[in-house]
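In structure tokens below, several structures.
The same chain A turns up in both complexes below, where it pairs with chain B and then with chain C.
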Partner chain A sequence: MAITSIKNLKEFSTNNDRFEGAHTLCPGCAHSMIVRELMNCTDDNLVIASNTGCLEVSTAVYPFTSWDTSWIHIGFENAATAVSGAEAMFKARKKKGTLKDNDASVKFVAFGGDGSTYDIGFQWLSGAMERGHDFTYICLDNENYANTGGQRSSATPIGAHTSTAQAGTHSYGKKQKKKDIVAIMAAHDAPYVAQLAPNKWKSMAKGFQKALETEGPCFINTVSPCCTEWKFDPKDTINITDLATDTLMFPIYEIINGHELNILYRPKNVLPVEEYLAAQGRYKHLFKPENKHVIEEIQKNINEYWEMLQRREEARV
Partner chain B sequence: MAEKFDLNEREVWDGNYAASQALRQAQVDVVAAYPITPSTPIVENYGAYVANGYIDGEFVMVESEHAAMSGCVGASAAGGRVATATSSQGFALMVEVLYQASGMRLPIVLTVVNRALASPLNVRGDHGDMYLGRDSGWIQIDAFNAQEAYDLTLCAFKIGENHDVRLPVMVHQDGFITSHTAQNVYPLSDEKAYGFIGDIVPVDDMLDFSRPVTYGAQTEEDWHFEHKAKQHKALMDSRTVIDDVFAEFEKLTGRKYNRVEGYDMDDAEVVIVALGTTVETARVAAQELREEGVKAGVVGIRVFRPFPFDQVRDMLENAKSIAVLDRSSPGGAMGAFFNEVSAALYTTPNRPLITNYIYGLGGRDFSVAEAKRIFLEQKANADAGHITTDIQQFSGLRGPHLGYFQTKRS
Partner chain C sequence: MQDLKLKAAEKRGIHQLGGDELVGWDEVTQGIILTSFEGDASDIVHKKAEERNYSDFNSYTATVASWRVKKPVFNIDVCIDCQNCWVWCPDTSIISRDKQMLGIDYDHCKGCEVCVEVCPTNPKSLLMFGEQEDLETALSQWPEKKKKEK
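Right, the complex of A and B next:
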């Protein structure tokens, strides 16, 4: 069952504590905020799977665990399949009546970083979405392989410096644009797909609740600022997220049944992307005169994408 | 309740069908699978049983074998009975998850219909995939024919799900030779078969929310070694459970299985040690040679993991010359199976002569005549008192002889 009264952040953040604060994520890491939101927005029993990545290595180091609910990690690529299997077993055992509590309401959730979601686990995710398991997949998108020291992923935006797409005298960082995972997931005809951000915690909680309550495979991409690899002060995580949503670098929206697009946050005052880029070390080199064109390209991409989202919202296609 | 499935006292089944009937009788809750020749019919049949109400289970047709085993892991951690099947490339794609399944102590049953590994691509049987699984921490049981594929699949659930074991189990059969050859099979009644296996009693059930569990934690140098040691101990200790299950199965059916199957070994002087259908071929050859006065015997390995080191040693120590047959490309070394048998014999005072034959790769036929020739080479060794051939030889290969290493004498 969903927690209905999401009025007060303080109350909400201490509600139903099933994710313990004692973990080893970096101070200021947004992963834990997002996970906590998910776990606090419902009273239902949760079966959670995590792909390998910062979240997993920081929350279940034997003999400790941060998870006060059923949790499984198999490998880097297969959390979506782990919950597929668990969900299938839930159905089978419910039919046979062999569950400990046959009436318990259970939700299945998989977490993956952008590395596991956009890259190595892409096929596993696509398969699980196509099969239509009743689960929610949440991507913690920090736009790099943070756990292994900040390599590029296909979620890394153009122009960002990573250890495997370096900025240097002959390079402005990553050359390719970010993969549009939300569109790809919507194209799976998923009943609920969204992109959410932890600074907009109310819309995030509502989006999570919708996904949990919707029967079938749901996908949510969340922006998860990584102070270590994006290079900003850990106290600024939410400020950076505000810049991400107010420059429309990360627009917040949902797509229902593959076509009904709703924009969930419209900044009153859209900021130029420079403000977002200038706040992070990974984009520092873009402010050299020879890389000015990259910033222009990023701004152009943002404008075009926002235009497209608005048109699709209107057109409902 | 599952529909009733009528069975005759004697059926004519191939190995694949036999294995799938065992899955039906075990009332497997979840099969997550991906098709590959020659194991495909096993999971197709499971799907058909589900579609027609003969099983109350869930058939999850995933997008790769890696996902098949991943789905099995998630399902097994959720507390029910789980099985799947694969071969060759599919097995290779599963390997990462095989280690994760055994490390999490999940009693999944995997039928491996043995097939060669590419390249070159080949759909026929050899033991390349079986060898690839040998360090994965699974129990590996080998069936030599369709009846055994059926019997041992039933046993596999009972062994793996035993709370003193809690390990995944592979049941191997030879691609095509067993999987696609119809033979007489005597099945148990559904009640008897299920009664033998019993209900699965989950240990750390992810769907029991009164007791949350964390699966697949991280351990570094402080604890990893202890976990792996415990896992090895569980595998080694499973030997007594396997023996008990085989004994119980014998009581029920009269069919007796042993972790090592000796044939005419009491006074055998020359011996073939093999896996899979080759064991039966070698038995025929041994029988014929016995009529000619050659004291031939055969040792078949029924349980490849945990490897029956002491039983192999005890059965072979009084032989004079032994041929260990590897049906897997050795990749720049002696055959892995040869090395294991040799290691067991090294601990005996007599140390019989022992040589290695690489044979049957990619489904190359292994005939009774070839087995006889190998026995006679052992006889020549025994008579000479030393190895008269190369220590490793390829047998049944076209073109010039291929062999390596000779015995060092004096």
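Right, the complex of A and C next:
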């Protein structure tokens, strides 16, 4: 395993990018920041599969590809399936000694959006995790189906306006809570599960390296602010991510072997969730007086979840 | 051997790209293979972008410069090579070699302004200017160092 140095940004920047520009992701999209970081934190050969989603449609616009590694796309739900098949074949051929380079170190990675991870590809992902293939699944969580016009997914948090859960006189947007995918994946007894954010580049790179090094199925959920559907200025992508981690809307933590929980980032000043909500157009309606109870509920949920994480970190169960 | 492979691919409806003419997107039947590089690509991770042998299918050879209304301009005199812009550029457009920031790849930059936002120097070493502005005029308009408000 050839991992590259992430001691500081200067050393990290000596890596040669394997994800090329001129893809058609929106300006300021966090997807490509996350993908670039994953591909820069290792020197190994990568075999990557992508679910259908923003990342797939915009990095493989025929006749162009933005990937400098082996990359495959099949269906909306099949990244985990495709990559586990490739991994099984690699292992079998390595055993037989029929590979071109039998000592080559290859890592298997799958990318999916939140739609294909939380909803459509969930069954396939769960199956691949259970079978215990040696791969890393990375969910780029932008909390809606951004590729098809911002429909609600089960990753959309309560109170958010989406094109199929609209805010108006009779509704305050989505009424259901977000699914806790990290806990579900940890319940598969996966050796490494984490939730990371691109603004904390070092903890993210560390998490990626850990996941690639670990044998067995690893799952990483990353927050990926979507300037188009969250309705903020493209330049604020990192600022919004800062707010998301500082208000604890997206706590950064890892779970090892299904029970050892470590919190990777504790904000010095925990900000009230209003600051995160006010920065985005999709929560605009929550600041009307009749929707005040939704903000209170969001804050209550965050506090309860943070409390739970801290207790679990202490208890190691 | 090569011919046999091509024939087998044709039988299964897979169009091998490279060399021959390009198939239209609506003619693709079962799947398609695009090669990112010409020739051997096994050591690509140790090669810088300018040393690589990109094929026509690699999006590195394409450009999205027309997406931009404003462009970031880089002032090397103020830069401290912190590489914040490199790590957070979504379009792989910051040219950084041997721990030094060298400039911006205007073929791939979409003008999202993230690099300007994360620049920590005072004044910022990256600022947005109109697309038509040339480098000298932009640099002559650079703001002075701001004093900290007490």
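To be clear about the criterion, the second predicted complex is superposed on the first by the 308 of 317 C-alpha atoms of A that agree within 3 Å, B and C clash if a C-alpha of one lies under 4 Å from a C-alpha of the other, contacts with A are read in each partner's own complex, and residues count from 1 in each chain.
Assume a contact is a pair of C-beta atoms (placed from the backbone, for glycine too) under 8 Å apart; a residue touches a chain by one contact, two chains touch by 3 or more.
Because the structure is a prediction, the values reported are computed rather than measured.
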{"item": "Fit-or-clash call for chain B and chain C when the two complexes are aligned on chain A", "value": "clash"}
{"item": "Which of chain B and chain C A:Tyr62 touches, first, second, both or neither", "value": "both"}
{"item": "First (chain B), second (chain C), both or neither touched by A:Ala22", "value": "second"}
{"item": "Partner chain(s) touched by A:Trp124 [first = chain B, second = chain C, both, neither]", "value": "first"}
{"item": "Which of chain B and chain C A:Asn78 touches, first, second, both or neither", "value": "first"}
{"item": "Contacts of A:Met89 with chain B and chain C, given as first, second, both or neither", "value": "first"}
{"item": "Which of chain B and chain C A:Val106 touches, first, second, both or neither", "value": "first"}
{"item": "Contacts on chain A seen with chain B and repeated with chain C across the two complexes", "value": "60-63, 65, 67-68, 101"}
{"item": "Of chain B, residues touching chain A in the complex", "value": "29-30, 32, 56-58, 60-64, 66-67, 70-80, 82, 96-97, 100, 199, 205-210, 212-220, 223, 227"}
{"item": "Chain A-facing residues of chain C, complex", "value": "17, 22, 25, 28, 32, 34, 36-37, 41-42, 44-49, 52, 56-64, 67, 81-84, 86-93, 96, 98-99, 105, 107-114, 116-118"}
{"item": "Chain A - residues contacting chain B, complex", "value": "45, 47, 49, 56-57, 60-63, 65, 67-75, 77-78, 81-86, 88-93, 95-96, 98-101, 104, 106, 123-124, 126-127, 130-131"}
{"item": "Residue ranges of chain A in contact with chain C within the complex", "value": "9-14, 16-25, 27-33, 36-37, 43, 59-68, 101, 198, 201, 233-239"}
